[in-house]
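Take a look at the structures below.
One chain, subunit A, appears in both complexes that follow, with subunit B as partner in the first and subunit C in the second.
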Partner chain A sequence: MDKQLLGVEHLSINYQRDQESIPAVTDVSFAIGKEEIFGLVGESGCGKTSIALALLGLLSPAEAYVAGAVTYAGTRLDQIDNQSLINLRGREISMIFQDPYAAWNPVMTIGQQIAEVFLVHQGRAPCQEKINSALREVRIEDAERVRNSYPHQLSGGLLQRSMIAMALSLRPRLVIADEPTTALDVTLQKDILQLLLNLKKESGCSLMLITHDISVVAQTCSRLGILYAGQIVETGPIREILRNPYHPYTRALVESVPAKYFWQHKRLDKLPVVPGNVPEPGKFGKGCRFYPRCPERIPQCETSVPPETAVGQDHKASCYAIRT
Partner chain B sequence: MRKATGYVHAVTDVSFMIDKAEAFALAGESGSGKTTTALMISRLITPTEGEIKFSGKPIAKYSRPEYGRCVSMIFQNPYASLDPHLTVGYILEEARWSAGVTQATQGAKLDELLEIVGLPADTRRAYPFQLSGGQRQRVAIARALAVQPMLIIADEPVSSLDVSLQAQIINLLADIRKRLGIAFLFIAHDLSVVYQFADSVAIMHSGRIVERGSVLDVLDNPRDEYTKKLVASILSPDPDKKVIA
Partner chain C sequence: MFGIYWKRFITNRMAVAGIAVLLCLVALAILAPVISRYEPTVTNLTVRLKSPCFAHPLGTDELGRDILSRMLYGSRISLSVGLIAVLISIVIGTLFGLLAGWYGGWVDSVIMRLVDIVLCFPSFFLILMVIAFVGPNITNIMIVIGATSWSGLARLVRGEILSIREREFISATRLLGLSNWRIMLVHILPNVMSPILISATLGVGAAILTESGLSFLGLGVQPPTASWGNMITSGKDYITFAWWLTAFPGLAILTAVLAFNMLGEGLREVFDPRSLKQK
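So, the complex of A and B:
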């Protein structure tokens, strides 16, 4: 990894519900380098979005207890005051949300909402031309119309492009994209990912891409963290992980993607599967959280959490099963 | 001649035929007319022009319960398709009553239905909110099976599920088809899923079928420009086969 931009160390998030503390994320550590694209991969309920929200300081202390250190460009985000966080969000670190239909305010035009970003950070509303040019940057041709439109008047693709325009409008150094293409059609998915990559190159920002789709990270990321039930079970460079997945969960993720067999022109009688579901937060066992579903479990896995071990060049996994 | 279980003219001059026990896929982007076509076949909407036949008889000539025993549906979102205030057992029973399946004619018992879809027998007492997304979709599949249909219309049955669940549900549907000889109209936008599940495929674009044939013919050697574009949008999970750079 090149010079580090974001460092996350021992991040834990516990939601408070009815006097109970429910662990959503436990002891997660990873780092994102300058101009790097880092992929955080996991299924729903694994804690991906909680991590993103915690990084931005968007979880209120009343609902969640967040522990650990988040260092952004030398500043401890977990220790600075709320006003400094507000100054940072949108200008230094911005976020693209999963559902473009839900992320926009329905009673304001796209232009008004993009203007707010400038208003908050620069103290005055930008001229219309500035907003138009932000929209044109994400390859929206009729920027004038889009700027004056309300969210319900636009397609999902245009809304997602506009959200990217808003996220990038102040040239942040880190963009967090939470499942940016999951709600979109397949052909749009490719366009939007291409667009994100082009803009990333032009602006030199770092990108944290949150997704459950191995194909999306294979196409875009340089390093990955694999998240299962609130813990990182494997991290490493993309090729390392996809060529030699170490953790049985990572292997299951890599093996169960239908796109893999499509491009091998293989039709299978049965797709490889891991039985069962991701456990709900609060229903984790004492040991490895993948234990109940793991095809390679040994007794030790039930009672103690496997430590993170180096298994290759910059490649770490947390698993007791020893493989060569 | 083939023995057809369904024959359709829909949306804009759409025609296709589904054989007995065949897995037929309708693929395309949202807005291409896939779901409209499915709703016409399930008789939830009526075509303006053209005709749909089931086992050689126009579907309009069937009585409601009679047709309900021929064709059933699985929807995309298992969080929306199950009535939240009914137990799983009630949901399955209700599907049968509405199709007029009586005690005498009913085949599989509830426990057997649940077993087929891989759920424990005591799930019948559970409410949907007590189940995970994957379990709910299994209940939706059991409901579709409850009337012992000849054709199941599955509208994007895996697209709202997690990756590790998608493969489980695709395998389950394939297994049901083999074991029970039920035909499937499988609606999907993800061609890599279609490739694994279906025998034949029709690609829809703007309400028309632009290409169709066997899955291997169409998806391994697409001829239509739009099909080519759809195939090219399947992202490879191999970092050395990048289409995005």
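So, the complex of A and C:
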């Protein structure tokens, strides 16, 4: 891995609801290097978005208890004061949201909202040409019209492009993309992903790509973290993980990609699936959280959490049944 | 930016009709000394209770005062009471609603209990009581009407904000590093503008009615100063044979309230970006 930009160590998030503490994320550690693309993969509800919000200190103490250390470029984000954190958001670390329709303020034009970022972080409103060029950077031909449009007048693809333009407008060093292509139709997904990659290359930022689609990360990421029920079960370089998945969950994920299945079996009659569902937060057992669904479980798995074990170059997995 | 709104405003028939009537009313109120041929408070017993005629287009009252002149001067009172009272109530109501909705927790509880307390009292009697203590003059009336009519608006704004603050674009603004106040004033407030506007324009009508009611009960604007409300009061004893004493001020109240409501409804359509046609 290159030089580290963001380090997350032993991050735990517990949502407080009615005197009850619900663990959403437990003891998650990962690191993102400079100019690296890190993919965070997991099913719905496994805590992907919670992690992203916690990194930026956006979970209010009233609703969530966050523990652990987040280090960004040598600064502990969990220890600096609120104002410094506010200054950091948008300028150093910014985020692209899942649903472009919901992430824009319906009563302001795209241009006004992009202008907000400049206004807040640079203290003055940018000229219109600056916004136009930010929009052109994301390959929007008709920047003038898009700038003057309200969100409901634009298509999902244009909105997501504009969102990327806004997120990248101040040249942040880390961009968190929270399922940036999920809400778009399939033909657009590839375009947006490609755009994101090109821009990442041009601006030299790091990218944290949150997704549930392992085929998306296969095309893009250099390193990967597999999240299951709020815990990272496997991390490592993408090639390593796709070639030698160690954790049974990772293996199941990799095998359930239709293209890969088709390649191996020359037919697409039935895809392998992971039986069962992700356990609800708060209803985890004492041991490995994948235990109830695991095809290779051993009695030990039920009673104690498997420790993280190095299985290769920069490749770690948490499982007792690691095949060597 | 304003071009879009202006174009939509000017093509909205209801808003234009409302504002046209209101501008006429305001112009008449401002030009009252120029238009009226008689002093509104000077009595002339030789022409008392005259029905509408050329010299007195709307007739005269029991003391021989010209109804038209009194109504022109009365419109100054009624309109300014309506507008200023609503301004006061909007400032209080929006601020409280914003704080309660955005911060939640104990701030919300305290403000909402306060709203409950204010709503508990029948507001008209509360106003009557307060006016009885502080004395009936026009400033007091404006303040008291304004200070008792914000509670509904506070509730409305709070409710809107509770739903808006959970929307994703608010998280987006926080992620971009905007401060609480900036989010509240620049991003949330415009989203609750239409309910505030509707509530405000309806409120002006209601405030004019309240002022008329107070004047009718003798606790509003004091004679001999004319207001639409107290003109109706003094005319009610003669209603069986001199209908013009009550009918014209009543018509004026109706017109003003109706015009404000039409304007409010029109403005709602104008300011709602969702009603923007695709370009």
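What we mean here is this: the second predicted complex is superposed on the first by the 317 of 324 C-alpha atoms of A that agree within 3 Å, B and C clash if a C-alpha of one lies under 4 Å from a C-alpha of the other, contacts with A are read in each partner's own complex, and residues count from 1 in each chain.
Rule of thumb we're sticking to: a residue touches a chain if its C-beta (ideal position, glycine included) is under 8 Å from a C-beta of that chain, and two chains touch if they have at least 3 such contacts.
Just so it is clear, the model here is predicted, and its values are computed rather than measured.
In the superposed model, A:117 makes contact with subunit C only, not with subunit B.
Contacts of A:159 after superposition: neither subunit B nor subunit C is touched.
When subunit B and subunit C are set side by side, the one touching more residues of subunit A is B. By the touch criterion defined above, A:107 lies against subunit C but remains apart from subunit B after alignment on the C-alpha atoms of chain A.
Touch criterion met: A:262 reaches subunit B, while subunit C stays clear of it. Of the two partner chains placed by the overlay, only subunit B lies in contact with A:219; subunit C stays clear of it.
Of the two partner chains placed by the overlay, neither subunit B nor subunit C lies in contact with A:305.
In the superposed model, A:90 makes contact with subunit C only, not with subunit B.
Of the two partner chains placed by superposition, only subunit B is touched by A:252; subunit C is not. Across the interface of their complex, subunit B is touched by residues 43-44, 185-187, 189-190, 193-194, 197, 212-216, 218-220, 238-239, 242, 252-254, 256-263, 265, 267-275, 277-278, 280 of subunit A. Within the complex formed with subunit A, the subunit B residues making contact are 29-30, 132-135, 162-168, 170-171, 174, 189-193, 195-196, 215-216, 219-220, 229-230, 232-245. Touching subunit A in their complex are the following residues of subunit C: 1, 105, 167-169, 171-179, 182, 186-187, 190-191, 193, 273-274, 276, 278-279. By the touch rule above, subunit A contacts subunit C in their complex via residues 53, 56, 58, 62, 86-91, 94-95, 97, 99, 102-109, 116-117, 120-121, 145, 149-150, 152-153, 166.
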